[in-house]
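Two complexes follow with chain A in common, the first pairing it with chain B and the second with chain C.
After this line comes the complex of A and B, so read on.
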């Protein structure tokens, strides 16, 4: 059975804009994958069609069937993590293995308040 | 795949789940389009291949022994007959086949034109089947019919593409985000499909427009120099054409004339042919041309077999608007797909470059999201397009009223279309009157706006501010989420922030002024990706009694906080 995990330094899951996300990815697979990478990305969800943007990624050339890989990503200043009536934008770090394909994702928050920005609909006129 | 997704916080989840029944229903409906398209494509292909096969036959010299036009009963009463002979590999053959299609015509003029190359006792080229030399034709049918293969392709595209769209949208769940990113990037293939369908509509429209509009218009122009000639009516009647949609009528007048010592016959009444409802008008024309009556027709001096009775425009020319619909619709689809692809390309890499403000921190005059002239042009074009098409059918209804045989189904069917057309006309009036509204000019003192900062703006109203009963400026922030359902695209909007900067009912205070407002710290900055946006705008509203109001939106960009 394959096992993938991601952990963040100091157990953090919320970051200020521009901060560095540090952590490590660990994998234990039945067979060595062809490729392994860790990506930092944001994605939208909600009523609108999903948009995804990979901001940064690190790859491990010869991963082996099990191991660990530290990562460090500089977060940009935007976009913030937010949740509104129709759109939610979330940040995440994903550990991806290729051939065999598998992945594991952990969400983080990017916000000046360290909390997801909440947007509430105001009544119409 | 292990992926933790935040729990649902919205009125609907991601990529709205469609019921299986709904998907099956839509697929069945679209499969009708697909089946019809495939059937007609197959039938047309057979015809094209059959015609194309003749192009492989050997060209040979034939001799025409006799040629004539015979009358028969039916919709195509004029049948041309040619008897010719030829030699192939030393063996003599005789034949009467002119082409693969039966050489019968609904109009004497057409039969006469088709017969013109095959004069008695003259040599002509013919085409012999090398595998069966007793089979030959005098003329090869044109392959232009292959052009019409585009028409069933539209149905195949709509049906097949729609079914694919319905089922592929839901198959995205379960993919890793990296794979999904590749999928969303490949969404430009959707734009290509729209562009192809648009191109097909455009080409079909042009293909119909040329022979049915351009050629008759050219003939009308050319006929102004034709020679007035005395003609005599051989026969005249109103011909009925029955179809599932009802009965239509056409004027059939066969007449003879002499030109340069030779006798000719023709049955062309006008250049825009076809039939339409409305019996009385045509009956009147036939009454004016009874058998034996002499009148003036117009003969082409270069081709005396060509003649016409009425060489001007007629109401039938309005049917030329129909191919314009195909052309316009096709251009619209191609333009929309190009714009949407451009937009996706520029947004795919997530750009936070503000629309209005940006690096510059100085004063900035705001432009509205769309100008008054653009709105007027847009709605005028839409109204002309819509009412142009509707007027063709409205004319048919009017003719049916006139003839006393009211087409009730068409009348009722047209009601909503006519109402939309009227609304569009009112829209033109509204947009036109808006051109004369006072014009508020908004200038931001500081072009660079950030969360937690402030907006300082000035305004000035050009024109008669005294016409305004009330004036207000407000800041709004909203979400815009775009999604597709089947083949349609929708945008859901929600406002999360609204703050009035200024409002007054005093004219003196409206003419010019300044206002400042704090931008909230805890809101979301301007954001734009392919399908989701956070939009901030300055909205200017001016109420004008008994006149279209001012309602202008100026998109601004508010960046993230400068210091955290």
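After this line comes the complex of A and C, so read on.
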């Protein structure tokens, strides 16, 4: 059975804007994939059309059936992780295996408060 | 009061990504029969049905099936805000002998439909969705039923929802499941906070 995992340095999962996300992806696969990729991206989910943007990625050609790959991504200043009734914006790091395809995703938070911003709690001016 | 009924959009079981992950449920027939029908009609035909009955879902699944059989395919989606295809892309796909999947053919003007038919004459096929029959031979007619709506709601909620409320929603939107699920999205926070009657079966 394939096993993919992502771990973050110091077990962090919340980051300040502009901070660096460091960690490592590990894989234990039944057969060696052609390529492996670690991607930093954000995506939206909710009632309407959903959006996704890949911010950075690192690839590892011919990675072998098992191994590990450290990664380091500089987070941008925005968008922050937030949630409202109609839209949630989430950040994530994904370990993607190509041919045979597989993936594993870990969510992170990008926020000046280190917590997801809940829109209904934001004071109205 | 409003904040007490807050549910994160990303946790709402009726969010778009969950609706899009629903598989088409055949009320009659099967993917295999539809594929045979496509073959019989030389990959030229229409999936016909009213709004919210699963035409797009079925078209995309059919495209996946044919891609799995090593056909080259090209999906073109038309919308109210974009009623004509990118002609260059369409011509290129036809030259590559791809099967063209056109979602929303009823939005084409008569001129655009003639132009599209001319261009796709040399393609390996043209399979489209439309609200009304007549553009191409009908391959399949999508329909919904209250039982299907109930089943899909249960699947999305991972719990039960009162049948009488679902029945009135189904009737209100005349079988348009997309509209029914949009309304359930808005109702979900209230469902979550409706107390022990349903909360025990729901993941919120």
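Definition applied: the second predicted complex is superposed on the first by the 120 of 125 C-alpha atoms of A that agree within 3 Å, B and C clash if a C-alpha of one lies under 4 Å from a C-alpha of the other, contacts with A are read in each partner's own complex, and residues count from 1 in each chain.
The rule we apply is simple: a contact is a pair of C-beta atoms (placed from the backbone, for glycine too) under 8 Å apart; a residue touches a chain by one contact, two chains touch by 3 or more.
Just so it is clear, the structure is predicted and the values come from calculations on it, not from any experiment.
Placing chain B and chain C on a common chain A by superposition gives a clash between them. In the superposition on chain A, A:109 makes contact with neither chain B nor chain C. In the overlay built on the shared chain, the residue A:85 is in contact with chain B and with chain C. Touch criterion met: A:94 reaches chain B, while chain C stays clear of it.
Once the two complexes are overlaid on the shared chain, A:120 sits against chain B and chain C alike. Of the two partner chains placed by the overlay, neither chain B nor chain C lies in contact with A:38.
Of the two partner chains placed by the overlay, neither chain B nor chain C lies in contact with A:21. In the superposition on chain A, A:49 makes contact with both chain B and chain C. Between chain B and chain C, B touches the greater number of residues of chain A.
One listed stretch of chain B collides with chain C once both complexes sit on chain A; from 76-84, 130-138, 166-174 or 220-228, that stretch is 166-174.
Chain A uses residues 45-50, 83-88, 90, 120-121 to touch chain B in one structure and chain C in the other.
Only residues 2-3, 6-12, 14-17, 182, 185-186, 189 of chain C touch chain A when the two sit together in their complex. Put simply, chain B touches chain A in their complex at residues 1-6, 9-12, 14-16, 172, 176-178, 180-181, 184, 349-350, 352, 451, 477, 479-484, 492-498, 521-525, 527, 529-532, 534, 559-561, 564.
Interface residues of chain A facing chain B in the complex, by the touch rule stated above, are 4, 16-18, 39, 41, 43-54, 77-80, 82-90, 92, 94, 96, 101-107, 112-113, 117, 119-122, 124. Note for the complex: chain A touches chain C at residues 45-50, 83-88, 90, 118, 120-121.
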